[in-house]
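To start, the structure itself, in structure tokens.
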Amino acid sequence: MRSPIPDYLTDALRSVAADTSGATADYIPELAQADPDRLAAALCTVDGHVYSAGDADVEFSIQSISKPFVYALALADRGFDEVLSKVWVEPSGDSFNQISLEPESGRPRNPMINAGALVATSLSGPPGAGADQRFERIVDGLSAFAGRRLEVDEAVYESELHHAYRNRALANMLRAHDIIAEDPLVAVAGYTRQCSLLVTTDDLAVMAATLANRGVNPVTGRPVVSAPVVRQVLSVMSTCGMYDGAGDWMTRVGVPAKSGVSGGLIGALPGQAGIATFSPRLDRHGNSVRGVDLFQRFTADMGMHLMDVPGTAREAIADRYVDGDGPDAIEVIELQGDLRFAAAEHVVREFEVRPPVTSSILLDLARIGTIDDVGRRMLLEAVRRLTIDGHEVFVLDPDQVLPDPDPGTGGRITVVDDRGQVRQR
Amino acid sequence: MRSPIPDYLTDALRSVAADTSGATADYIPELAQADPDRLAAALCTVDGHVYSAGDADVEFSIQSISKPFVYALALADRGFDEVLSKVWVEPSGDSFNQISLEPESGRPRNPMINAGALVATSLSGPPGAGADQRFERIVDGLSAFAGRRLEVDEAVYESELHHAYRNRALANMLRAHDIIAEDPLVAVAGYTRQCSLLVTTDDLAVMAATLANRGVNPVTGRPVVSAPVVRQVLSVMSTCGMYDGAGDWMTRVGVPAKSGVSGGLIGALPGQAGIATFSPRLDRHGNSVRGVDLFQRFTADMGMHLMDVPGTAREAIADRYVDGDGPDAIEVIELQGDLRFAAAEHVVREFEVRPPVTSSILLDLARIGTIDDVGRRMLLEAVRRLTIDGHEVFVLDPDQVLPDPDPGTGGRITVVDDRGQVRQR
Amino acid sequence: MRSPIPDYLTDALRSVAADTSGATADYIPELAQADPDRLAAALCTVDGHVYSAGDADVEFSIQSISKPFVYALALADRGFDEVLSKVWVEPSGDSFNQISLEPESGRPRNPMINAGALVATSLSGPPGAGADQRFERIVDGLSAFAGRRLEVDEAVYESELHHAYRNRALANMLRAHDIIAEDPLVAVAGYTRQCSLLVTTDDLAVMAATLANRGVNPVTGRPVVSAPVVRQVLSVMSTCGMYDGAGDWMTRVGVPAKSGVSGGLIGALPGQAGIATFSPRLDRHGNSVRGVDLFQRFTADMGMHLMDVPGTAREAIADRYVDGDGPDAIEVIELQGDLRFAAAEHVVREFEVRPPVTSSILLDLARIGTIDDVGRRMLLEAVRRLTIDGHEVFVLDPDQVLPDPDPGTGGRITVVDDRGQVRQR
Amino acid sequence: MRSPIPDYLTDALRSVAADTSGATADYIPELAQADPDRLAAALCTVDGHVYSAGDADVEFSIQSISKPFVYALALADRGFDEVLSKVWVEPSGDSFNQISLEPESGRPRNPMINAGALVATSLSGPPGAGADQRFERIVDGLSAFAGRRLEVDEAVYESELHHAYRNRALANMLRAHDIIAEDPLVAVAGYTRQCSLLVTTDDLAVMAATLANRGVNPVTGRPVVSAPVVRQVLSVMSTCGMYDGAGDWMTRVGVPAKSGVSGGLIGALPGQAGIATFSPRLDRHGNSVRGVDLFQRFTADMGMHLMDVPGTAREAIADRYVDGDGPDAIEVIELQGDLRFAAAEHVVREFEVRPPVTSSILLDLARIGTIDDVGRRMLLEAVRRLTIDGHEVFVLDPDQVLPDPDPGTGGRITVVDDRGQVRQR
């Protein structure tokens, strides 16, 4: 069987191909002369499979899509406190080329606008790193997100640097406020160089998937940044990633995203996939016209919207019965599905409403998909309370979905691999 | 066994109780004289169970927490196009008492600020409804969200109306721009009356849970608004619900939320729960001090943050093997966990990478939790392609988790309740 | 001889008559249907002679031109401190329909924008005056400026009041900030009524001339407001009178001015004349197209620009000589021209550089035009010092241009009407 | 006799000396370490006499007071059209360190804020001038205003340049908008160097007096810029010279002014004097605390407020009578005072209301002070009309106060030096 996903992506590209509205960025010749008809889409799953269609292996400069990733590096390298003290997290309501510094402090409103991105660049790498060492850290970091060594397009770099008056203005303003400590020209050079890194649409999908996968590159398996960093980056992308259209994007697409002036666009669907598109013509907000259209289709077709509630789930308790009788009788509770807060709550409520009638209890986790941290803690607390109530609790967990099964003071748990182990006790 | 959740809520209240910072709203005596020590939290699951602690049955005026619900009613009553043409969805970057109208059109930036809320009120009920009929619609609608008949606090209403100069200013400005068509004083009276509806913390948890439950009140089982309306409302809450602190809230709490000047605060965790807190002392943003603190604890403790990626899930394919041999051999694929995009993709990829070797195939869905729409469509498309490839596909679905199992042109599927049915064919 | 001034005005009107650009205000039918071809100019001298050309006796509603005059009444009735605490004097940089309140206090930025004008209206008349009494004060005051009883155009009043949503918004906002204390609807009604007073271009010229004449109506001779009030009003007109074009107006016209939406425009040239024009078509700033053009001509032709420095003046000392000899010798100093600071400084310097050689001195003021307060004080101080130096000082002042000729401690002065009186002593 | 003016200035300094509020600028050590107790005032008359008191010969860097003078040079060197296209003339309502560029074009709002001053610097000297040549022009120009060769304080220059991040930000922003065409660093260096020129309070008084004297340095007699340039510069100073306090300054002081961060403050009273003060402690607007206080005293004491209307002037017509009888009878009209618009109008009206009764007429100008251009034109037009009416007009003008006495087509005039000349004809 051939997977339907490539067909789907190809169909999606075809459906938007005729739209030639918008225009390529024209502030440097390298972008102005980009082939405006390039079109690509790629999707990388959290287990590292990449689907793509169109010109997904064509390289282009990453531009502003570097921002969330360098922000992630800064958070990793300097910690939340230092980074937040120098670049905040509120949407600015301004378009991409606004200054958007806080009036008194000069702190940029968020790291997705240029001023904030300059700060993130300045905070990458260890304190005191020189320009070269810092840039090495950025290339290494973004390459780790992409899963391959990225290279700078020197022509784009030179051309952008030549026209970077606005960014020099921002960097000087940040220096005037002591938000950055270094020579503003060095900061701009570093940021411009980071924007000139060449990526393909496939690369971008992998980079986005690394965010969707708690910071672990799903292709290489290599951890790049920690889960708290990813959470911060995705949060900021969701409120600030699409410039002055963040609210509109949230209602219509509902996926943390970031666009770039060269025509790229990424979205990260936590726990599921990273998606990227490429089409160089931009709308008046500076976002890729066909890219935005594609993401709206993906949201509708793939159920990606963060606020979409899945249809009513199957009950967490698949079955409950007493097995055997007399002193050997054991009450079995078979769980199923994913065990996050809602399902765990359902299980503990079941025990409260209908307390077990036998001395021994078996929780059967064999049909459980995922257990998250709160699901685990609630289940263990229930076990602890059942122990205190006088029950002996067995857990059938052949695949070890319940890590570190310690219910805490007063609780006791016996993990078994098959039911026979219970009987043998 | 006693459920640990009430204990958790009680502990959470105790942990914040000592914080007496902030102050009650003082613009009307009714709010200024509210007992500042009141403290409550409630949680309502998507199957309608309400946990609560503290003063959860004390009534107070709903104030701004009415905004998302009346916005939902307006969307339901007038449709997205009309509503969006008169109130937009972008965060304003302004505090709650700013004007925040778009410069030319006068369209309010979003329905969570007062100007936008006035518009939502004016768009509730059928076109041409009089003030009384419209207010009846609003009371009915909010009562349906809460699951009980809500009543107006007439003293609060009279007092607020007496001081509603700012809202009258906004309504006149909206009328000047033809954003509202009615007498501005009537619009303000309607909005003020809606804000004076009395609710308890328990009520608010149920109202939030109705949003978390695709618009169906989980206690009464009654549908209140449609899923697309809910998606819109939750999206706007996530970017605009916390005034000028939307980005900070998203990073630190990560739940669509709304606060009110009387001290209430709600959050809706799609598919899982509605949560509400009550504590009348406000911070300088106008949000309840202890309410914000509680929500930060809930997020950390209950894994509610929208951007939190659950730990790596168990494989969607629990097992795969050929049962029997010769002409009766059938390849069995046992699925587990929730089947959303990522899991469904994994399953279809499995069929591509390792095509089935037998003529008949059995997909065992007995351990599946939830299947969402994209999961269902992908699974059926895989079945269609397998059929075309010459396989006969059986699906074991004892609990009917796969609705409307029609794989489309060229596909065929046979749903069975137990494995015996396959063999009997 | 026929005065050339009427010919000049007629020529000026003719030169702009062909310009039909711009459009009449269209927010109420009464203004939209005004005859757009009306054209008038009038000039009133500070001794009360009115020249006019075109439709100078056609009545139209005064609109925003009432603002500086009502501001003058408020200053007169409540004093500078109270008025300044409630409406400030800075240009807003905003167009006429902006809100322009100071962020925290809600104080309007100046009294030439609507918000500030509403405050000025509310501060007219004695504290505690009812709406009727206050309006009576405003009609009396503006009538005193005009020199005839002004009447309200009731149709314009009713129509404007019907559409006054924006002003109601402003008044409610001001009430919310306690900048006004009364019912916002009453404030708007009063302001709207004041804007509906009917004036002719001739009236406006007299009103402006009253400002140019230190607050005394030059036609009726009746004092209307004090000189300090006039100074304040003219200052505010010069920085805030032309909305968002105040700086441009100052460079190109250089006369304190105010325009109105019905097509009127006034300018006050301190000490010289009041000027008014009328032409209903407005530019995008809301100023009369042909009115602005006429004022630019007047400035160029009549040397009205405040920053225009007259060509080098004739020496203040016309002649100086010793008359007679022996003990009867007297040194005569003949002064000429206007004696303001610069001329007075020249005179006192003369005495320092070339001290008088005779015991008696005669200051001949017969050819002096004006002496202002500083000129008078400096001349008397010089006399005092000359006395102390041992001189006897006579002043020839046949027309009493030097009021209250007391040189203070140690000084002595003898005023004579002709030279013969000196000799007779 | 000793002039009272030095005593007045000394008294004024003494009256403010005790006020030690405010603080010296602290962004560079050279300013931070300035002696905060320095205090000086100087006044230069339009005939070039300089009075001063206190530390009036102490040098300090001119800072922002260079702005109006360099703006004057730019207007002189490039013309109004080019300069206005690149820097506008509206008050910004912003404090001195705001960016204040027009949103679309990037044109600075006025030349008194830093962004606009950078543009003025860039437009000084001939097009295409190198940095050195341009700076030479600026030093020459400002030296011509001051009447002596000014020198750069190299230590201040180096220190300011080292900290000029904000100005570099502005220059880069201007370059991004193509408002300046050169290397932003070169523009900032030029502007910083101009701000580092050393001046004394006496120098500043002379510079201001040059503006008050139609652009001619009253001490050296050398023309520096033209009258239209001066008018433009004074206009802009009056609306934009005191940052965000322009309206307040206009009401309270009423003199075109400019302040600098080193503690200087200048005011120019057109046609009368230039005034300067020096006191390094600044208020929160960045203006010298004691300087502002001194200027308020000067305004009150010296009648400098532009909106102050002198008391009622003496009649322009001093006397009117028929001299002689029979065919030799001649009607004599003796004029007095200054002949600007108002007085000239009075004279021409006299001829209309009471036409001369004799064939010959003598206008006696011997007691006239100043005649400005409009006065001259109106008087000549009256003569022309009298000629046409059949009169023969003699003008007694012993001191040639009426330049170029040609009444135009149909008019005839005979200028005489004494009355005898009339009789001899």
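A, B, C and D are the chain letters, set down in written order, and residue numbers restart from 1 in every chain.
The rule is short, and it goes like this: a contact is a pair of C-beta atoms (placed from the backbone, for glycine too) under 8 Å apart; a residue touches a chain by one contact, two chains touch by 3 or more.
Source: prediction; values computed, not measured.
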>> By that same contact rule, can you tell me which chains touch subunit B and subunit C alike?
In response: none
> From the centre of subunit C, which chain's CA centre is farthest?
Replying inline: A
> Taking each chain's centre as the mean of its CA atoms, how far is subunit A from subunit C in angstrom?
Replying inline: 67
> For subunit A and subunit D, what's the span in angstrom between their mean Cα positions?
Replying inline: 64
> Per the centroid of Cα atoms for each chain, what is the distance between subunit A and subunit B, given in Å?
Replying inline: 21
> Which parts of subunit D, given as residue numbers and ranges, touch two or more other chains?
Replying inline: none
>> Going by the touch rule stated at the top, which chains touch which?
In response: A-B, A-D, B-C, C-D
> In their shared complex, at which residues does subunit D touch subunit A?
Replying inline: 99, 165-166, 168-173, 175-176, 184
> Which positions of subunit D touch subunit C when the two form their complex?
Replying inline: 1-5, 45-47, 49, 88-93, 109-110, 212-214, 227, 230-232, 234-236, 238-240, 244-248, 250-251, 254, 256, 269-273, 301-314, 316, 318, 336-338, 340-343, 345-346, 348-349, 351-352, 355, 366-375, 378, 381-382, 385-386, 389, 399, 401
